[in-house]
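The two complexes that follow have chain A in common; it is paired with chain B in the first and with chain C in the second.
Our next item is the complex of A and B:
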């Protein structure tokens, strides 16, 4: 999937995560994480983001997250939403298969 | 707690009134230049408000009774989504020191904290440091003497005139290296890229100059929004202090700048307040401010605003006397046509 525009999803509410996805001017993936549990789970959050990007075949983008203690499934669904918005896809997403 | 977020309409008197009275209750005000304002309500009672001006969040206030609750998360989430919708990915918050810790938890990072308690924050960690690092990288390729005297000039250049060139020539006599920061906001009739290029062409015969973009950190929507307004308000000095403190305490030390050059300002009150604030703020710091007399042509000081007036009045022979050939050629080129049309039809100061 190619990220062609800015996409964002989520909120700053407790237990949620606000994710912003932008096209990357240079190649590759750039991830910036701001989290209330960065020291304990920063690495895990990063791995989860990378895995989700791989599953959706996104190899070039900038991801910026402000995490307020979201659980894995919340991180993944917010990221998927932001990525689809960034790719300009809004129809016929088969959510169950993701 | 169920909160409702609504866009405030500037045309509906009681909506604006509830916003301004909430702000006044906490000794804040609604900046006149904000573009969007939202309100957070609990059952029709306004309990929080925040606004956007350019890429900066301002006039933010949460009623005391609701501090420490999720109201701030709701308010800021909504404001950030508005910014994202405008494709704004690098943004700032102008707020008071009381709110500083709350915004740290929302992913903001400090740019600067003023003695007055005003705080500017941005959503990028090391935003200003990265900006300065990039400028220093350009400079490291330049050959200079061992301990160069480094000066600076901030230019809008709307358009670049012989007056600007005069200031640069004078600065060169006192410095080994000069940073010229180009004001980078799309609020002037000559677009950013054009102003940059005209300056670049106008100084192409000189060396020892590093031309860079002021971007978000010098005379920008974040640091000095009132610079671009027609009416001079009390905010001008407040914003000037913010802009100049960032220059004095962060930009100048990082780049080794010890001199700043400005032209005497007799026409524009905003710029004059800025210049006088600069002279005062730099006292006692390693930075000397040199205010030079403006270059004159036919006994009139050269100024970009005069050039814009001549353009409006079609006085091309006057224009030729006060701008370098590079600017004059551009003004006569096809590329300048939309700009000239805009000037001819406008009544704005910029």
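Our next item is the complex of A and C:
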């Protein structure tokens, strides 16, 4: 999946996460995490983001997250949503691959 | 029809906190909403949330229903593929007007089940009628497919279409409720009543639940966790009712042994309809106890 534009999903409400993805002008993945539980779960959030990017075969993009204590399913959902928006894809998603 | 569907709790599909916590309130079914409670620009993000919630959260044996967008909206088909892939129990159609509406959705569900290696027919359906045409066609909708386990009335759209509004006594809904109920009973499917939106009016809510129980509805769509226990309390048979029903059933068994068609209990005639009602009371009580 190629990220060609800004994609954003989520909110700053409790138990949610706001994720922005953008094309990366240089190569590779850049991840910036701001979280209320960064000390305890920062590494896990990063790993979850990397795993989700790998599943969708995204190898070049900027990911910026502001986490308000979201569970894994919410982090993955918001990231998937932001990535598909960033790729300009809204329909005919291969759900079995997510 | 022994499974309890007294309460079907609406959960907005775009709220991760509510999707996470919904099961703790004890509703019989959870209904994740992708339709009217979701703004147009939030539809796809809600779909991802509902998809992952169904896939990843352990809701135990709680029945998971998803209200999808209509096919006419252009996004209903994507909703179906997402929730079938995730393993949803029941898909609820909004604004159903004809049996063909159900069959059109069923055809896509079947394609999705095949695509995602699910057992064909394992995804059940519900249909909500929200217009005069839908209510008029209630029986043909209720009998349109074996997948359909129940029909429901959606009152807000219905009363708008009828050029009226909702009132405290629900008189504007009496015909529609009765029509849907009769269709459900004739088709042997569940009948689920509409939401009660004034969540702070507990007295009004209790009155409405008592009314729909007396009419014969199996349960009610609800929008607030505070409404769960009230519905369950009204719907669960009391010990006195269960004791009486048990005595009726015992008397009927006794009569059967003696080859008697009609019997008397406490000076009152007991015949088949009374025994049937008693059996339903005991079934409901047992199901409530197990739940």
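The rule is short, and it goes like this: the second predicted complex is superposed on the first by the 94 of 98 C-alpha atoms of A that agree within 3 Å, B and C clash if a C-alpha of one lies under 4 Å from a C-alpha of the other, contacts with A are read in each partner's own complex, and residues count from 1 in each chain.
We adopt the following convention: a contact is a pair of C-beta atoms (placed from the backbone, for glycine too) under 8 Å apart; a residue touches a chain by one contact, two chains touch by 3 or more.
Quantities reported herein were computed from a predicted structural model and do not represent experimental measurements.
With both complexes brought onto chain A, simultaneous placement of chain B and chain C is permitted, the two fitting side by side without a clash. Touch criterion not met for A:26: it reaches neither chain B nor chain C.
Between chain B and chain C, more residues of chain A are touched by C. Using the contact criterion defined above for the overlaid structures, shared-chain residue A:81 touches chain C, although it does not reach chain B.
Centres of mass aside, this uses C-alpha centres: at chain A, the angle toward chain B and chain C in the superposed model is 120 degrees, to the nearest 10. In the superposition on chain A, contact is made by A:36 with chain B only, not with chain C.
When the two complexes are overlaid on their common chain A, residue A:91 makes contact with chain C while staying clear of chain B. Residue contacts after overlaying the shared chain place A:14 against chain B and chain C alike. Legend: residue contacts after superposition of the two complexes on their common chain; A:73 is shown touching chain C, with no touch to chain B.
Figure legend note: chain B and chain C, brought together by superposition on chain A, show a least Cα distance of 11 Å. In the superposition on the C-alpha atoms of chain A, the part of chain A touched by chain B in one complex and by chain C in the other spans residues 10, 13-14. Within the complex, the chain C residues that touch chain A are 15-17, 19-20, 44-45, 48-49, 51-53, 55-57, 75, 78, 81-82, 85-86, 115-116.
Interface of chain A with chain C (complex): residues 9-10, 13-16, 70-74, 76-78, 80-81, 84-85, 90-93, 95-96, 98.
Across the complex, chain B is touched by residues 5-6, 8, 10-14, 18, 20, 22, 32, 34, 36, 64, 66, 68 of chain A. Within the complex formed with chain A, the residues of chain B that make contact are 70, 73-74, 76-77, 80-81, 84, 87, 89, 105-107, 125.
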